[in-house]
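As written, the chain order gives the labels A, B, C and D, with residue 1 at the start of each chain.
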Amino acid sequence: MANWIFLIPLAPLIAAVVNFIFGRWYLRDRAHWLAILGVAISFGVSVAVVAQVARDEVALSQHLYTWIPAGDFQVPVTLTVDQLTAVMLLVVTGVSLLVHIYSVGYMHGDPGFYRFFAYLPLFVFSMLMLVLANNYLLLFVFWEAVGLCSYLLIGFWYRRRSAAQAAKKAFVVNRVGDFGFGLGVMLIFVHLGTLEYTGVFAQVGALPQGTITAIALLLFTGAIGKSAQIPLFVWLPDAMEGPTPVSALIHAATMVTAGIFMVARSWPIFAASPDAMLVVAIIGAATAFVAATIGLTQYDIKKVVAYSTVSQLGYMAFALGSGAWVAAIFHLTTHAFFKALLFLGAGSVIHAMHDEQDMRRMGGLKRHLPLTYWTFLIGSAANAGIFPLAGFWSKDEVIVGAWVGGRPIVAIVGLVAALFTSLYMFRVVFLTFHGPERFDAHTVHPHESPPVMAVPLLILSVGAVFAGFLGVPPERGVFHRFLEPVFSGHGAEVHHVSTATTLTFGLISTAVALAGLGLAYAAYVRGAIKPAVVAARLGPLYQLAYRRWYFDEIYEALIVHPLYRLSVWLWRVVDIGIIDGAVNGVAGLVNFTAQRWRRVQTGLVANYALAIALGTVIIVGVYLIVGSTLFQ
Amino acid sequence: MSAEVLVFDILGAIAVLAAAGVVLARNPVHSALALVVSFVNVAAIYVILRAEFLAAAQIIVYTGAILVLVLFVIMLVDPDNLPEFHGGRPVQRLLALILGLALLGEVMAAILTRTIVGQPGPWSPQAVAAVGGNTQALGRVLYSGYVLPIQVTAVLLLAATIGALVLARPDTPRVRALVRDTATISLAHPRGSEMANGVEPALPALAAGQLKLEAGERTLVMAKSGDDFLDQPVWGERHQS
Amino acid sequence: MNWAAFLSNYIFAFIVLNVMLGLMAYMTYFERKVLAAMQDRVGPKRTGPFGLLQPIADGIKLLAKEDIVPKNADRLVFLVAPLLSFVLAPLSAAVIPFGGTVTVFGQEVNLYVADINVAVLYVLALGGMGVYGIILGGYASANRYSLLGALRSAAQVISYEIVLGLSLVGVFILSGTLSLVQILEAQQQPLSFGGVQVPNWYILSQPLGFVLFLIAAVAETNRAPFDLPEAESELIGGFHTEYSGFRFSFFFLAEYINMIAVSLLAATLFLGGTDGPIADGVWWLAAKAALFLFFYIWLRTTLPRFRYDQLMGLAWKVLLPLALINIALTGLIRLWGLGLL
Amino acid sequence: MSELTATHFLTLSAALFIIGMLGVLIRRNVLVIFMCIELMFNAVNVSFIGFAWEQHSLVGQTFALFIIAVAAAEAVVGLGIIMALSRRLDTVDIDQVHELRE
């Protein structure tokens, strides 16, 4: 199978290119066929490749060509599939395929239909190359490429000013993280002279502790940006301006997990630096907590799901920071299922409500959208960690991992966040699907989505229910055994978790999740607790969460505004005054001189011809006298 | 004096006389006729110089195409006003004559005192005959050492063709000025199957005179910049938030 | 210099010229008879048996007419133009091979006037020159209709000359020479496909080139349906409106001689010329040329005249691309045949 | 000069060239000037082919061929300009065309 790996990224790339070139004039409403075919090929080949990896338990790789052959600096384009990549391959291609199918219904009739189905396979291509890369430079290139696709897709409806600005914001904020990532890659190259994973990991232990920490933190900066950790998470909620399938695929299931993937991929570097690990764990925990609090207070259905994504990414990050690599990847996998499901479900709701996103104008939709309701409920329960759905197993494992990894505080923060998670998830469910119908029934007639949108929902909900069983029994499930070879060696610590600990935490988290469910039920169905009263009671704390912890305002005041002032100054003084002044001055000088000389031009062609003839006579004469032997 | 020289002298004399006729004839058509005679004689001289292919090319291209075109243009430009504009410019005529004589003197001095430097090339008459004649020999030289120039020439000819098309195009300055002064953004021209929705396009309210129906059936909305309509939902776009 | 060879060549040229002129005269008779038959008439029949003396009677009539020069005409050009046409027309016959070499009175005589290695280009060059008679005649008449005919002719001849030249390139590629004698020789080696002998005539290997050549040749000779320079229904007589008497007959003669010359050329280039069994080569050539001449007349009775823009559009938008495709295909096949692909 | 030498051709070339040049300088009709330029091209071709003949080299003929091709291109564009000129200014007198002065 190793010789067919190239097909995995190539098929979507071809689909993207063909749709770009021919979409506008020829394919138009048929653009999705090619895209789905490309991703389906990709998925099929991935399954075959992963099957072989699972059977033989060795990494496959295919060398395509050498991108940069410059002396010692060799950047080969080699596609490598080890167990970690295999998991990512299945997640990326599988979710992509479902989202592509879903999009056919969701984007139907959009004038940019062909454009959408050109960007989406392009993203799939970039993401696959990102996970298949075998060196940091290639990873970095496609890291930027997925960023570009994200930009294009957030700004898909680019005529809407808010969408255009959200796209810009995502791009700029990601640049901050990518800058750090780029520095980290350079630092690796400077110290180790290679960028290939195997070479780097083999040598990293020999570096001084400070250097390792610096590399690890710089790499993690990239992950902070891409995986929306504090303090760079502000772009992700705004990214919901893009079409909902994009939110599901890029901003929930795949691209945002690239940071997690990258850290897991570089685990030997992190494992060698306890300081960096601590930072990762703290930032992850903080992200999980902060995003969960914000999620409690939002009314936009997509925004809640978006903050939930940020929060879950925080879980993955602190799992990484606690050394629970497998748990992080496990959570990544299950999260991909239920979060994609939630987004697609939210999209289905929005579609049904004629582009209404505010939950305060929904309610009682259970009757109208039974299928959407049940699938969304499964997704919510999985996200909340209700036994025995996917989220329960993975989240529980993450928290246990933090506990046994020597970070009890982090684990406790995780449990608190889990309470909030359960609360906001069921808040969404109850506000949207239960209670009275708060929309105008005369203008809005909710209707169930077409089959092409419903089928992906069903498949994903099956995944959301059963994906968790890959990790059962905890710590020794299929998933763990599969990934074990990746996270061994290089001085990896293995924590043995006693059955008692596992059981205890399972019970605690189940209790926490049910508590959240109960609170939500009391507040939004029974009305026993008045949310408004609670909000008023909490006062500043509520405002803090509602205003998203003032991150945007702080950035606006501290960074954007001063930069804007500086730019204006540069424009007014430097650009207009100095640069334009110099250019115009030169032009003015030329103009002044030319005005003196232009009298020579008579405008009569005959005179010019005479001048040419005169010049010819003179030149020939000079040549005869000087250059020839005539007079010598 | 060999027969070759005699033939050359006759042909050359006719060519020069005809060339003088080009300059001296009052009627451009007569000029063109004189030029034809000159060219045909020069082509005959090419045959003496064993450049048969070029002789044929000379006649086909110069006399058969270029001069026919010149005659065509002469007749097209203003058939009633063809005679030359005579008189005027005595100073220039004098100067031109002096310059011409000076150049002639210089060039003749160079020609008569010249010496041959360098070795003769490989294409002796025997060598040319061996490959089958002038055409084949020229082809060998041309397509072995001058492939790139040939292709560049082809591009040049293409460029000249396009240039001639542009020059010959009837220009309507009014239309061009209109296009130059206002960028046109067509918001009301759904392309493809969006029309099937049967929904009317949402057009911005138009100031008087902003709507031009000049370009056929399609509605053009003149806007100074794209920003004018940025917040306007595009055709078929979802209204969100 | 071999004076005997020179003399024999000269005599042969003289014979060819006179035969051409005689043929031309009876070409008009042939045309009138065929036209009449196609239009269900009888045609000339009163002058001599079957009207066979009709061309001679016509000739005498034309020569006896008054030679009128319009008052405003450009006199010199007006007088020279028909002569130019007439003199140039038979020259292309000089390179047509009428056969191989025969021995007469112990003297080897080539049955062609000249074998020059750019024969085809020479014919094309003559075609390019031939248009001057028409343009100058039209211009010198000082008559709007004549001038319009001249302009049309100029544009038409330039356009179709390109097609004519390009349609022959395929033949050059296959034969590797521009000499008509050698092209003829190349066609005389039959090809054999597993025992079946097929004549190597270029009409078989260059069908597209042949069709293009035929169309362009009809246009070059200003014959129906491309006879716009002399379209009588719109331009009276076109370029020869103001001509009369023997000057008119010169134009007339030139047109028919051109037809014969082009037919001979087509027969030589595409139909194997003198190649054929049993009879002598000259008769085969004559028969093939007669086929083309009949085709000319047939076209005239069958097709209506083109509109002017259609004519130019046909040349530039249809025939020229087709000719280029033909060249590319032939070149590729030739390279493949040589094993260079 | 009993034998034919390149000097003959060069002399012919010089004569043709200078006649053409005089035509360009003296005449006022753009079309005639154009024809004189063609004459000068032709004179140059005679030189090239003369040299090629004298030196048994075909490079001169190659050059002449390119000159013919370039002359064709020049003719097309030049005649196009003349047509545009006569449409715009209604004249082919070169002295009437002096818009470059301003």
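The rule is simple: contacts are C-beta pairs under 8 Å (C-beta built on N, C-alpha and C of every residue); 3 or more make two chains touch, one makes a residue touch a chain.
Given the structure is predicted, the values throughout are model-derived calculations rather than measurements.
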Interface with more contacting C-beta pairs, comparing A-D to A-B: A-B
Most centrally placed chain, judged by C-alpha centres: B
Chain centre separation (subunit A, subunit D; CA means) in Å: 68
Cα-centroid distance, subunit A relative to subunit C, in whole angstrom: 76
CA centroid of subunit C to CA centroid of subunit D, Å: 33
Whole-Å separation of chain centres (CA-atom averages), subunit A against subunit B: 57
Residue list for subunit B, restricted to those that touch at least two other chains: 53, 57, 65, 69, 76, 89, 92, 95-96, 99-100, 103, 107
Set of subunit D residues in contact with two or more other chains: 21, 25, 28, 95
Interface hub residues of subunit C, defined as touching at least two other chains: none
Chain contact graph, described as a line, ring, star, complete graph or other shape: other
Those chain pairs that satisfy the touch definition: A-B, A-D, B-C, B-D
List of subunit D residues in touch with subunit A within their complex: 21, 24-25, 28, 94-95, 97-102
Touch list for subunit B against partner subunit D, complex: 1-2, 4-5, 8, 12, 15-16, 19-20, 22-23, 28, 31-32, 35, 38-39, 42, 45-46, 48-51, 53-54, 57-58, 61-62, 65-67, 69-70, 73-74, 76-78, 84-85, 88-89, 92-93, 95-97, 99-100, 103-104, 107-108, 111-112, 114, 116, 118, 120-125, 127, 137-138, 141-142, 145-146, 149, 153, 156-157, 159-161, 163-164, 166-168
Complex interface listing, subunit B residues touching subunit A: 89, 92, 95-96, 99-100, 102-103, 106-107, 109-110, 113, 115, 190-194, 197, 229-241
Subunit D-touching residues of subunit A, taken from the complex the two chains share: 601-606, 609-610, 613
Residue ranges of subunit C in contact with subunit B within the complex: 74, 76-77, 116-118, 121-122, 124-125, 127-129, 131-132, 135-136, 139, 147, 150-151, 154-155, 157-158, 161, 165, 176-179
